[in-house]
């Protein structure tokens, strides 16, 4: 069964392409900054220089190296994605599992909490966080994204749990005297592991997009570079109008590529895990 | 040992949860040590619900279920309860978590109930249990559920119950999935277990199988008991028209349905409950027509009873399930 | 001769190779015949049923022909088969409970299906036939979810036979039902044939006592091959194939009790169809096996209408 | 039915109450004092004058009261339909500010949500299991959903607005026009509406198309599809049914995505200087305009809740399967 | 159907009602504004127009003061000249007495004549505590009517400089419409139908625009032979500078007073966009960006340390790198170029500072700041770590970049200054309560008197909240006394003023409580596609400030409108 999944995984073009793209960006984001001698905010070159051998992505209005910013930005973008995605997945899973498994008023209550978070504009939460911490960082941003973007995941997991809960092996585990948390963790969750993984991927992608939106309206991290912040800066300094497409295009294209690759991966994985979708 | 007393169960159903559905109402019977009680009745008559209530997987809406005189819902320690009472469900495939190896069901038991037993010792016990259900341990251990046949899985579940040295087994339609030859193997196994003193609540809708293994039979209809008593009595001398119609519908080898006496004959039966003497109505709604053989009213006086029986049959052909 | 299957081979493609679920079967069904198809789980009953109407994506037609009323069915050609489906061959699927579109009222769905098949006004006939199976016509105004399992089953039965197919395939239509419903469904099937709504029928089941009630002949399969075909009465009373014998012996009669007579199952497991052994596939479990069984026995007629694939069947 | 609605209403009511309370609380936890920042912007020279004004405005907005009183007053006036006075757009009542902005936001949101939903679903269904489409056009769908709203918006504004000069890049209608029912005005309205709409539409469109594609593929494996096919039903009919059934989960998806779409609209409005709620919210945050923030959030919360409620109920009505939902009685 | 019906705002089509004789063309609502008669501006208004109350000088709709309500004088910062406007003349007729003669023949837009009563009423409104110019009454005793066109003001203290500022800053409102208003209405009213004496009247407004229409019978046409040329002025609400740049490029804007980074490139390129100068710094200077030290904290209480910081800052890098030469480095005194004459060059040549990291290091070493742990950054003489934060509001990208430059150049000199970007509101809170280390601020604009700058720098006493002045809580009694003295010098008395400013400059440069960094520009970019003859440094063009910034129309912005010419057909 495992090998079978692997077999299909290697043959699934979507999955392979998606994974390769993510891997390339990931490596660029993790290793890239180490190969660059300067900080992303340093004024290292001539102002507004188009891409060249020295500055691959050109320079900003101030003569900062766009490529360096891009690499550092990738790093924080991945960080936001992973942290935010993990946090949202964890919260979504806990809420979804508990609501779906316990049912009754627990379900009712958790559904309500889910709805509240669903309708609360995410911006508000950032405001609080900002208020308490004064300075926003990538971590804080990820934290709040994680804390606000889980509702749909919770709902989906709840529905899945609901249908799994009535499966006999769950009852059997209960008959074996296993306690609820353990049943959820050891019986139900493994059964939807591929689903959970897909959920995580989607949350990962959406965390990146949300972060980009926040960065763009000026609620981004105040202490580091991210792709969204680059976009924000490029827009504020009218990069496109001034002909500096090399400043404006890469961050957006980077985000699109990463998130797009994640989505493609998601579909690919779906096809791998779900025998019905496999192409023979 | 196990005693149900006026047990009922109400579900809330309908689009907006507005309707109440009484799946089981006022059911009472006992299962003694080393006794097989089969619970028969058409689909939806509440058989599984009773089984689940006994297993504490569903809460009881009314009445009490007692084990050795102790209300099971008052037993705080579920684990203790499950050490004595276990269940095997209808669908062996869904009883195994498809992502794990099948023998995980044994590991789970060990973890929860026998944490102190050594690995070697445990393996021996498992192998013994498997052999007692006539499975070759080498053949089934370490395999994934989808690599095993339904019959094998089913027997592993029984072996699992056996490992615990339980006193009562709830076997809910454990054979409907199997083909004829595997069925027999499983049934024989149950019979052997009974011989070792295990009480079994055998849920089925296949009457010939119920007849094959059980000591006593409870016929359920719409959540109520229609008839119950020692199996030979219930099958040999069915007093309730419903039981008769069920029996008539059983496909038999060598006898075609068309060869059976016409259904009309059934309809003329008097209502056994009302025929019976007042003092024999020892249980609510049930009259004791013979030693331990109880029958419920088939629906009022003799005529009414007949009419009802007729209607039921007509309904049967019109609308099943 | 309504249906004639010759050396049909249908394989499932899997990663580990092809599962030879149907490995050279040859038989025929006469006009007006109801043929029961029995056998252990996994013996290829459903595969056979599916092959006659629609191969799914994993199935490969590896050889053999199927002829219906003298015309060859292009079973490997999904498009060409459309012409035969419903009109000539029809199916009552095993999954009757979920065979109806859950979000469409039944009447509407059937209407649309018929219109799509070029039968614009079948409603009157539909209502008549519903009555035949004891359903009032207002089920047409309901959603499938609003019907009980038995009702759904019967609706599907009516729908499937609406165009009077020559061959109706009923795949395990009774296994999920309780005895009284089983009886009702079985008698309805019989009625279909008697009313001439279908010419012949193939009833797939593993419940021999049930199929015995309605079938004229019974075909027993074992591990992708045919084991025995005989008139129902004969097969139940005097089976010749050792597998059939053991199968029949394992059926409890009403009234038989464990204390009285202990029945026994067939020990062992059927062979894997991935790489089935040559020769008789029942060999390993057969009490009568001998050297010759290493060779595939022919499916030969040992008495009129009685075919057996066993060297020892006399 | 009554019971169901009663319970739903109760739950939604509670949700509303908590959400609004949270919205009330949050701005008040922010550091800084809105009156002070307002005066700081006011650029009044004399400290004495500033102090007098500070006292005046603090009292006027009720910030000198204890928090619990402020909270009670808030609910009191809310029930009277009074959302207070905007600090940033002083002295305009928040209700006025919102009422003026809402038509633009709704005009942008409703068509883009509905059209992208409808078109995306159709397209996704169309592409599903058609190999060439699936392999060529759907990747475009992935790229579209993965695109940050503002990036796409700015690119569109730049390419179609500034370079091509086809579309205006700011405002809701020509700055040389006044609202009227003339063709000229309506045309201008549409022209200004188009780019923001398109950027919202495109991103959402991709998402729905992909969702639908996946749903349909699942649906095409369902038993009823197999049955229909076994009866020789033409592909058209099968697809139609599959589509109808696959659309139901997409309805729920719509309810879940509303919040995200609202956030997207916010960003898009900012990019195109479109005079809807988005710009207001951003400014309200930056100006610590408690009342405007509360008002806009209230509006969003009510909108999303109503939409969810409608979808909840509609779903039960549309999908016959949900009508026999089982639940255990307590 | 989204907004068609939402007829905008109270005024709506009632432009006529608002202005009496105004807005004939717009009377039939729905009329378009012909492009060649309309001036499109943007850059002042950051939200929907919310009020037309001239007393709310910080948030009235752009043009309320200047286009509708007018001031007694106009002040031209370029020439440092007051020109009579609603007033005909004004003179100090005694030590503590000022007599104002009003122009005759001026009418309000509802037809009523403008008289001394209106002027007196306007000043007396300041008796309300919440009116921003209330402090005037702490040194003004009375405003009395001599006749319909003469007003006599008497003072307790003759604050000449401040009074001159009032004379061109206060918008005069009509008594007959305002006298019945309560204090709350006066200060917080929307004043939705502004009736003024100016050349324009309210036409309409919407979420994203404010439209003014020229009215007939503006007094200046007859009296001064000046006429505003655009029939309509449409002020577009900003959402971002970048949108403004887009509009400008599309020629949808005639005048943008936004800060548009990189505009120099467009000015140099062939985009038809012009600025006041066609070379650096492109813009006139409008205010000074100052770096404030919190002098109540260590080590910022040490003037040697402050000086070291001053020497360490590479202003040139900010001017060139961050602003691309759109701004000018500040004079060490921080006085704007227009105030050059008040700068004592002797003082600045002796104690003025400039970027000199070695000097900075020297100063630090001399004062005992040494790097003791070898991290390249100095510790205080007592060994305490020096680690300071320079705050600017998050999102103010140019300032953020500037702060980064300051941080890095300070670090290069061994001073650990970290740039930090809290949100604006948080920053205001920290700043006003004195919890910051260093902050950049540029609140004080160019005006008629440098006194305002010194008031901003030295004002005492220090209060719990320092809301507008002396954020550094720098206490120097002498400097404050001098500032107060400066206030009482007559504006004409240049020598008298210089004497005091020289002393103030000495104190300032000796003590360095703040560091002037650069002059922010009077951001302004224009296109010639519809209107020409914009103010510029070129020969033969007007020299008024090319802006519609709030409180700048009375510094010549309105006059700019009278000089405009249609681009086509003269």
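When the chains are written out, they are named A, B, C, D and E in that same order, and each has its own residue count from 1.
Keep this in mind: a contact is a pair of C-beta atoms (placed from the backbone, for glycine too) under 8 Å apart; a residue touches a chain by one contact, two chains touch by 3 or more.
What you are looking at is a predicted structure, and each value in this text was computed from that prediction instead of being measured.
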item: Chain whose Cα centroid lies at the greatest distance from that of chain C; value: E
item: Which of A-B and C-D has more C-beta pairs touching across its chains; value: C-D
item: Chain centre separation (chain A, chain D; CA means) in Å; value: 21
item: Euclidean distance of C-alpha centroids - chain B vs chain D, Å; value: 55
item: Where chain B and chain E are represented by their mean Cα positions, the distance between them in whole Å; value: 90
item: Where chain A and chain C are represented by their mean Cα positions, the distance between them in whole Å; value: 51
item: Multi-chain contact sites of chain D, meaning residues that touch two or more partners; value: 30-31, 158, 162, 270-271, 286, 323-324, 327-328
item: Residues of chain A engaged with two or more neighbouring chains; value: 130-131, 134, 218, 235, 241
item: Where chain B touches two or more other chains, by residue; value: none
item: Interfacial residue positions of chain D with respect to chain E in the complex; value: 30-34, 36-37, 39-54, 56, 60, 86, 88-92, 97, 99-101, 103-104, 106-108, 157-158, 161-162, 165, 168-182, 184-186, 189, 193, 269-273, 275, 279-280, 283, 286-288
item: Residues of chain C touching chain B in the complex; value: 40-42, 134-135, 148-151, 153-154, 175, 177-187, 206-210, 212-213, 236-237, 246-248, 250-258, 262-266, 269
item: Chain D to chain A touching residues, read off their complex; value: 11-12, 14-15, 18-19, 22-23, 26-27, 29-31, 139, 142-143, 145-152, 154-155, 158, 162, 210, 214, 217-218, 221, 256-257, 259-260, 262-264, 266-267, 270-271, 281-282, 285-286, 293, 297, 300-301, 304-305, 308, 327-328, 330
item: List of chain B residues in touch with chain C within their complex; value: 41-43, 149-150, 176, 178-185, 187-188, 191, 205-209, 211-213, 231-232, 235-236, 245-247, 249-254, 256-257, 316-321
item: Chain E-facing residues of chain A, complex; value: 41, 43, 47-48, 61-63, 130-131, 134-136, 218, 222, 233, 235-238, 241-243
